[in-house]
């Protein structure tokens, strides 16, 4: 076997070649970072800046300092739209989390190997694939006070019709229920894959230890589903804070603004028919961003720990 | 396996389970089935308050024909395709590169750049609304599919990078080292070694992106207007305005709008679910 | 009496039968090891005893109780898994006490028993730790502790040491042997490791394709195997087999310098038999010429010589101390006929 | 004859008006064969948000919009072209005089109207006949009628307030009947407190109707179209609406024997009757590329012939803005025309959300909707509106 | 000349230094094995030679060339990874030819070289297969083939066999030894397997905490270790060590029935030394009484006896053939003084 081949020639290397490993990552990153900075990172700061201005989107922006935030504060004090939006956002946050246990429940129901179960799983997952716009429409009809399926069913039980989307106390819950539908499906799939990854030997160890049913679930399975739960938690929180499509399609924030959330309110203020207070909208977005930032920080922090753990 | 496999349980439980499954499914998909039912009913059924009964006549072709030949629906669908496909290609291409860079190379700011993408992905996108709209206006891309595509690519790059980077990071690093020992340049490592290995991730991510983008409504409303460039999610609302209170047509329209992602899901189910769980986060 | 008795135990997965009617009696306090090639049904059999797999037919008795259809938790067995199967979210103490807690035992009682077990296994300092923060050997010890705490009649081990590295394996092996002596419970132990089986077992059960090939004490199997399978399976390096022709009542083979007096009577009419000789029972004559030395592997104290006969048959011979054959040289064999074994060429059963 | 490209954005997305406009543009195209016309029809609701974008980004040559306060932000931002030159032409100066005021800001004209329409009460004559009622003219009659209708198991009025402005219509009428046209303008301009007793009186009147169950239930979940079936099915007897409601009502099967119209009743005898008659308009964006063709188009639209055609009963079914054109002999148009020209001494308002600034319109109409659902909360609602007034008219 | 020379090679990760100035000369065509406990720096050293880790200080020469800061590709080395690192999407032939292809070698040339390598490794029938469709041993052979194709001066192996099961490991071990003989290139091989090191190496490098403890031929290390670490590390079971007191120039220890003449001169003034004896170099006197038998492990051909001295020291003695000590009995040792070694009690260095 010959010992030397053409690979080993000591011609002088180009600068690029020598520093390949240091430069390459930046070349690969450049387009992605460029796009991301221009369209995502910079706008975040622009929004912060804009929230100090009054601007109708047409003329010249006028610097007004913290006035937008003051206005928000007064809206809060007066229990006005901002208050409603923030309150509804909290309701969304809390109730949307129901998708997690619900998803777990369905996942447990479907984690079997009977004939056709694959089809069942995908059909149960189905709502997640559909656009929220369609989901919103579907649920609007479902809730329709005269012919909606809900009231037809209530009628069977002799209960009077309720106008879910027209009642300022029920409307948010009604929309959340619609949102829970696809979100539950999402959590379900996460849990199904999580359940797949549960160590069967631990289940067996648990059986030998006499843990059964709920006890098994609580003491052995759930702790192992922690990663799935964490992800479900993160996506649900994000989904709750971003909720826009459903509100826009189902109620447009109504009746009399009682189903607004921050995300919708800011759209309404900034870009809807009666809106175009860009700075004010930006201020609302900043508030929303701050809330989200808590969760982002938490998420990044746990990711950081994991990365360092390895 | 948890819960205990049903085969190991008493016969009675097995039968109950198997009987209950379809019932549960029907309840779960009830609202959708209702829409499907609506979409084949004649107009008359709604006038006669026959909302939930059997269709008095089966008007599948009539209703869907109306949607396809007598509305802007086909145009919206085409727009959706012209928006979704380039976005998917663009975002996946960009993020394969960023994912590669962040997953393979060790450099100081690696983790921070990665976190930038992740954090950006979770930003409530409403905060981007006003500046992005202005940017798009300034670029002269307002109300163009290109404007929408560019933004989607940029925004989705966050999620896709998270996804790709984690996938690439999980590849055996020895493969890269083996290639380096063989004197293969970094670009070629990316192209010939890593990219082929990412096929499952690429497939999963593409499918996932397809549904995300197809279903986008918010940005469609913010950055486009009119049948010329709006995708079907936004189109469906004006479609519904056109056929206000014509439930059979609205239902048919909704079903048509929902069809592509649903078809995608069923065809690529394996990839889709892999995508959700691999990437883990939306 | 808490021995384990299997009678005609059969296991089917759907159509395929994987355990074919096993009859086995394990005495109270015995250390019984299941060995056999991969896929022969060792784990399945063990799990049937544990109750983790249903028994399709036959009965399983623990002591006097028929447990064939009993719940695993009710059988009075404890199992130690290959992957330890510790609950990762519980501390060591919680892991060990979990079974008792599930059975509603009082807190104080649990603590006492956990303390007891951790004393036996020297786990005291680690009771508060999570399994993640422990080495493989420590984890396996916790898994054993968890079994001890439940005070079972029968301990079941499924390849408990195969995830450990060589050194730890030796250590834990000794530990388990000591434990058995200390608490004296019946133990059933699955392994594919020769050394473990030989050193730990009171009784070895050799399985093959879901059937028992032979049951016996380790050295009995080593010295007196019933068939070629057991002879080849027990002992490392494996026994050398020579397919000999029977000529005038003597055995001939290219590797043998001279026809050999058969070590056992040859059945009438047999023209072929298989001769078995262990590497340590063959010596080398360096003046001989029957075989060539392919390779010698010197491990320090011993070395193994790889030989090829003129008909291509390979064999391995052990050399000790400072004798070393050089590669490429030619040698012939010095046999110890008293240690040679004879097997039927076809069925592989031992001829005695 | 003009040539080049002409791009027109329309908000007439409902089928009937859409067809009308498309036909009209086609006629314009026939007269100008060298002109390449492109039409974009945008959903009427969506149009209201999108106009800002396209006026700045990719402006068409002609766009529909509304008169009065509604066009002010765009005029102020310089997005609409000054078309005073058109209004100096004889046809505009003479024949369109009546709408000139609505098109004027800062003494200049910024667009050309193409239609307007009366508001009023459309009612089921057959039901009135069945209950032996006649069209009311006074508040008392109105209430008596309504009581009888409610007693018959129907609602007096159908309404869908999901998109709020329908409630604005009710407020306009009740307010203008209670306090008059000038009060309407002052309130819209933020010159009057929402907690003023006169405003409270308006709401008190409104509450009388609400309390007796005059309006259908669940109106907050319906759009105005979704509220039509109640009237068609006979579950409600009347609808306070613009004349554009006639076409869908007819389409739904109501004949002219079943459907009739009366002017909103007078409440306070001391104030003169005033009406809402919103004017729909065409504008030339400042950024238009083919302003010459656009002007030609506006001339075409305002011409007596076209005004006659597009506003006739088969088309828009509304009132022509050109005094030389003839009003269709459709009974509703005739009645409306007479009402606006002879029985509206107080003045003609555009509509609440066109006269009030957008933000105030939004907040107040939300208040109206809330009031219609929870009339007892009136003080709270008015206090809220008053706070909003303090914020908005700085 | 394509040996490998390391001079004062140092590796730091940030603050922590993991290789502390290694000097090593590996001759052309030599088979050199790195052994040492986990984490001692074997892989790091190998990867420094490959160029996959930067060398913080010192120089690395391959043949005459200083390659310290050269690109891995330019060093003329090929590496075989523990996990094979085959490109899963390429066929065997493509895997082997990939490096050449990427470097612009002509197709025909590639085919020729791949053919050559696959002949050597008997991979001919598998050239079209994907790695997935091959067994672990075959995969590792492909990985080696890939290395061969490049015709490197130096082959680097990082625990190439540790992912294989015991049988295959033996097979591949023999294969690599044969390969080395056939192509005669310099090979550096990292392992933690005693047997591999002993049987394959021309030269063993024993590492500990980033430093070389001893370099030498296998049997030399076995027979003549420089210090306690090497003596204990090489050989299995490990050498027994006795901490002896020096009394009147003789060694005393509770395990020894009588004071022992030291096998090497004791340094003046030393009152304690450590005596080392391998299990196979000790016999048992069953009439003795110095130690008690804890446990015997019978493996068939040999058995190991675990003993405890009166002071608690443990030791292991090998017994052969049919002698078997019974547990619990008392014995004393029969030493082979010629095989005993003496170490400094403190530093552990060998006393000769």
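Observations on the model:
Letters are used for the chains, namely A, B, C, D and E, taken in the order the chains are written, and counting of residues starts over at 1 for each.
FYI, contacts are C-beta pairs under 8 Å (C-beta built on N, C-alpha and C of every residue); 3 or more make two chains touch, one makes a residue touch a chain.
Because the structure is a prediction, the values reported are computed rather than measured.
Chains making contact with chain C as well as with chain D: A. The chains that touch both chain B and chain C are A, E.
Counting only chains that touch, the fewest steps needed to get from chain D to chain E is 2.
For the two copies, chain C and chain E, the CA superposition rotation is 175 degrees, given to the nearest 5.
Farthest from chain C, judged by the mean position of CA atoms in each chain, is D.
Chains A-B form the pair with the most C-beta pairs in contact.
Spacing of chain A relative to chain B, judged by their CA centroids, is 14 angstrom.
Centroids of chain A and chain E (each the mean of its C-alpha atoms) stand 55 Å apart.
Separating the CA-averaged centres of chain A and chain D is a span of 40 Å. Shown for chain D are the residues in touch with two or more other chains, namely 45, 56.
Each of the following residues of chain E touches two or more other chains: 71, 73-74, 99, 103, 150. Contacts with at least two other chains are made by residues 133, 183, 185, 221, 237 of chain B.
Within the complex, the chain C residues that touch chain A are 50-52, 71-73, 77-79, 81-83, 85-90, 98-99, 102-103, 146, 150. Partner chain A is touched in their complex by these residues of chain D: 45, 48-49, 52, 56, 73-74, 76-77, 79, 161-164, 217-221, 353, 358-359, 361-362, 366-367, 369-370, 373, 384, 387, 391. Those residues of chain A whose C-beta lies close enough to touch chain C in the complex are 199, 201-202, 204-212, 215, 219-220, 223-224, 226. Only residues 9, 13-15, 40-46, 50, 53-54, 56-58, 223, 225-226, 228-229 of chain D touch chain B when the two sit together in their complex. By the touch criterion stated above, chain B contacts chain A in their complex at residues 1-3, 5-7, 17-18, 21, 24-25, 28-32, 34-35, 38, 49, 51-52, 94-95, 97-98, 100-102, 104-105, 107, 110-111, 113, 115-120, 122-133, 135, 150-151, 153-155, 157-158, 161, 183, 185-187, 190, 211, 214-215, 217-218, 221-222, 233, 236-237, 240, 247, 250, 254, 257-258, 261-262, 264-266, 269, 272-273, 276-277, 280-282.
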